[in-house]
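Have a look at the structure that comes next, please.
For reference, chains read A, B and C in written order, and residue numbers begin at 1 within each chain.
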Amino acid sequence: MDYTLLFVQVINGVQLGLLLFLVASGLTLVFGILDFVNLAHGSIYMIGAFICASLTFYLGNFLLALLVALPLTGLVGYAIERFVARKLYEKDHLDHVLGTFGLILVLDTSAHLIWGPEGISVPLPLWLDGQVEIFEGAVIPTFRLLIIATGLGVAAGLVWLVNYTRLGMLIRAGASNRTMVSALGIDIKTLFALVFALGSMMAGLAGMLISPITEASIGMGGEIIITAFVVIIVGGIGSMKGAFIAAIIIGLIDTLGRAFLDSLFELVMSENAAETAAPAVSAMMIYILMAIILALRPQGLFPPKVR
Amino acid sequence: MNTIGKITIAGMLILAIVPPVLLLSGQAFYMDLATRLVILGIGAVSLNLILGFGGMVSFGHAAFIGLGAYAVGIPAYHATYGEFEMVASYNGLLHIALAVGFSALFALITGAISLRTKGVYFIMITMAFGQMAYYFFLSLDIYGGDDGLTIDVRSELPLINLDSPMQLYGLSYVSLAVAMYLVHRMVNSRFGMVLQGTKGNVERMATLGYNTYYYQLLAYVISGAMCGYAGFLLGNFTTFISPDMMHWTRSGELMFMVILGGASTALGPILGSSLFILLEEILSSFTIYWHLPFGLLLILVVLFIRGGIMGLFKNMGGSSK
Amino acid sequence: MNTLLQISGLKKQFGGVIATDDVNLEVTKGELHAIIGPNGAGKTTLISQLSGAVRPDSGTITFKGSNITNRPAHARAQLGITRSFQITSLIMSMSVLDNVALAVQAHDGHSFKLFKPARKITHLRKNALQFLQQVGLENRADDPASALSHGEHRQLELAVALASSAEMMMLDEPMAGLGPEESATMINFLKTLKGQKTILLIEHDMDAVFALADRISVLVYGKIIATGKPDEIRFNDDVRHAYLGEE
């Protein structure tokens, strides 16, 4: 076995996992507190990527663009909450799904109108565009290390926010008892809008971080949203800890599956058959994992407490 | 007969007469539109069985349509290009058996797992299983993967020639009528009463002694199998199949058809699929950005129209409070 | 004495709240056993554990001699133990008669029949109608359940519980929200059931409880502090102190 390659792929898996966590944490935050299913979360991820891409060309610096794009994405999230999502809260989950499905069409087509049908590739500053040799042969792009650092930083920030701040206390209280929070004299509407904007910023951040690797494109939201759903189902909807652990597991399984499944299959079947079967199986692996976990624990790994 | 019954009959009569007349007067385009509408209508009717009457919000039903279509495409591919002699065939009856059988099997396996969950978990897990099928066919390079698969020869059925647009439409129309009849009988049977009861209140049904899981699972399997049959028709209609037919947005569209027309009514899914396809056709002829008004419309329907179009009819007819 | 239901050492905790704290209780066949207690004493949680909606943390529930602690709700119902709900939980989209017919159908054994119209199965409809007559709702049979008044919903809940022909019925506050006249009707009706059915009654209306119950258990903060005949409970110092004193 090639341990250097394994190491590189594990790093890639962790990086994918942390990106997934950024998207999934917003999704699970919004669901846990607002009881709202937001399919359009992936479109916000896309919008974040596009805003950042445009700003990178305008400001000439990716990191600067990212810092400006973050609050702008939060604003987009706030507007979505204010004009559409808020009106859907009191309806049932089916209406959430259909309403936000409509929102996807609106947002994706708007992106098409504004930025055109082609994807936009985002240039990195020179110092980020290089590679780092961790040990002999194990070369990792510097930017991927930045993604990992950012992901871990945001995760730590979320833990701090939810557990040690007044806003976090309100969020935790609001999740278990809305009437109580209202009774405390807190404007629950503003709290909800804040949570929604925060979730949007995290999704947007993930989109901004991935865009230099893939490019900002119209379809990117629809792909990530399903994987993010798998993450929060496996982790337990509403659980931040569950989202983190599930995101890392799924990031690793997906990356390692794509990289090594064919060699694994070659041990038991012909090279030809392995080459056909491996991509199909690795594409399904995270869903098979989800099925197994749900068959054993229908509420995911870390089910939220009963309301 | 009540208002709703009359509207249902009228709607089905229009579908029986107008498209063939248009075809005979040389308007083949409208026949194409009607065929697509009727086939997707079968999918919507089968989704309505579990979504409208059973309260199971399945977000992965496009997968069954895709499975049904590949049940035509794969045997036909091997019959034309060799390999896998076992399945190679143009026999339409075999294709139907494969489409219905594999859809039912996929529904049984995914349903058995999904139905252990409730509410939003169920929505998401059915969606994820649908995507699983999508990625599976996407990565199968032998059948075109991303690029899809062209069906060179349509299914061969006794008495019916599917190469004739009129006969294909006829088969699709009759299938739709049969599907509607079957669903109507099922939801009013003792089984259907239990199914509707589980939609209303699962805990109550358990307290009465019903093991609701098995009733829901059977409904899910029947619905999946019917959708697979619609896929068989769709494959023969488009003669081109691709994983895109199974993408989760297709499942969302199918759900939208049911809700737009009016869930848990007989004609609702057909009205929904008709309106959906007509709107798609009209809007996309004006602008390539037609998804924008379409999405806005969807949001407005969810926010303001309770019970879909059939709900509006009901209010006009004053047949219920 | 013939014990139908036996509960021993039942415990249930939600987070830091102890809802059921080492409850021991016996219900004798044919008796009307009332459970009273202040709000939040854990009465509904207790019933939910008996019906199978909530799993206890520890303890055992024995019904007709068999341990049902880990049986799912539908299996318990099939054994002959059913409940009514405090918050009306009928199937609102269905007609009044359909609601009762579903309960009759549950032990008729043909619920996987897919094609025969259910509303043409005459013995189901007739039986269901009889239960509606028993509670006095026969003239509302074809209305949707959603069209009934609150009082009528309580009556229909009872008809559904009766129609499931369970040996033991657990009634969760059947009098909740009823006016004085409706309450009186309900009390009279429950009196006619005495002896035919074993009933575990949860109720806040003290007049009703003392008029109906053969035995009463008092539940306070998840613990049963006394069980006895109505007169014994009425003059029990602990009970007066913990519960009746508050009224």
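Operating definition for what follows: a residue touches a chain if its C-beta (ideal position, glycine included) is under 8 Å from a C-beta of that chain, and two chains touch if they have at least 3 such contacts.
Predicted model only: the values in this text are computed from it and were never measured.
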item	value
B-C against A-B, pair bridged by the larger set of C-beta contacts	A-B
Centrality ranking, top chain (CA atoms only)	B
Centroid distance [mean C-alpha coordinates] between chain C and chain A, Å	47
CA centroid of chain B to CA centroid of chain C, Å	43
Approximate Å spacing (C-alpha centroids) for the pair chain A, chain B	31
Chain B contact footprint on chain A (complex, rising order)	31, 37, 39, 84, 87-88, 91, 93-95, 97-99, 101-106, 108-110, 112-113, 222, 226, 229-230, 232-233, 237, 276, 279-280, 282-284, 287-288, 290-291, 294-295, 298-300
List of chain B residues in touch with chain C within their complex	185-186, 188-194, 196-197, 199-201, 203-212, 215, 218, 320-321
Residues of chain B defined as touching chain A within the complex	51, 57, 59, 110, 113-114, 116-121, 123-125, 127-129, 131-132, 135-136, 138-142, 247-249, 252, 255-256, 259, 289, 291-292, 294-299, 301-303
Residue ranges of chain C touching chain B (in the complex, touch as defined)	51-53, 72-75, 77-78, 82-83, 85, 89-94, 98, 101-103, 105-107, 110-119, 121, 124, 144, 147, 160, 164
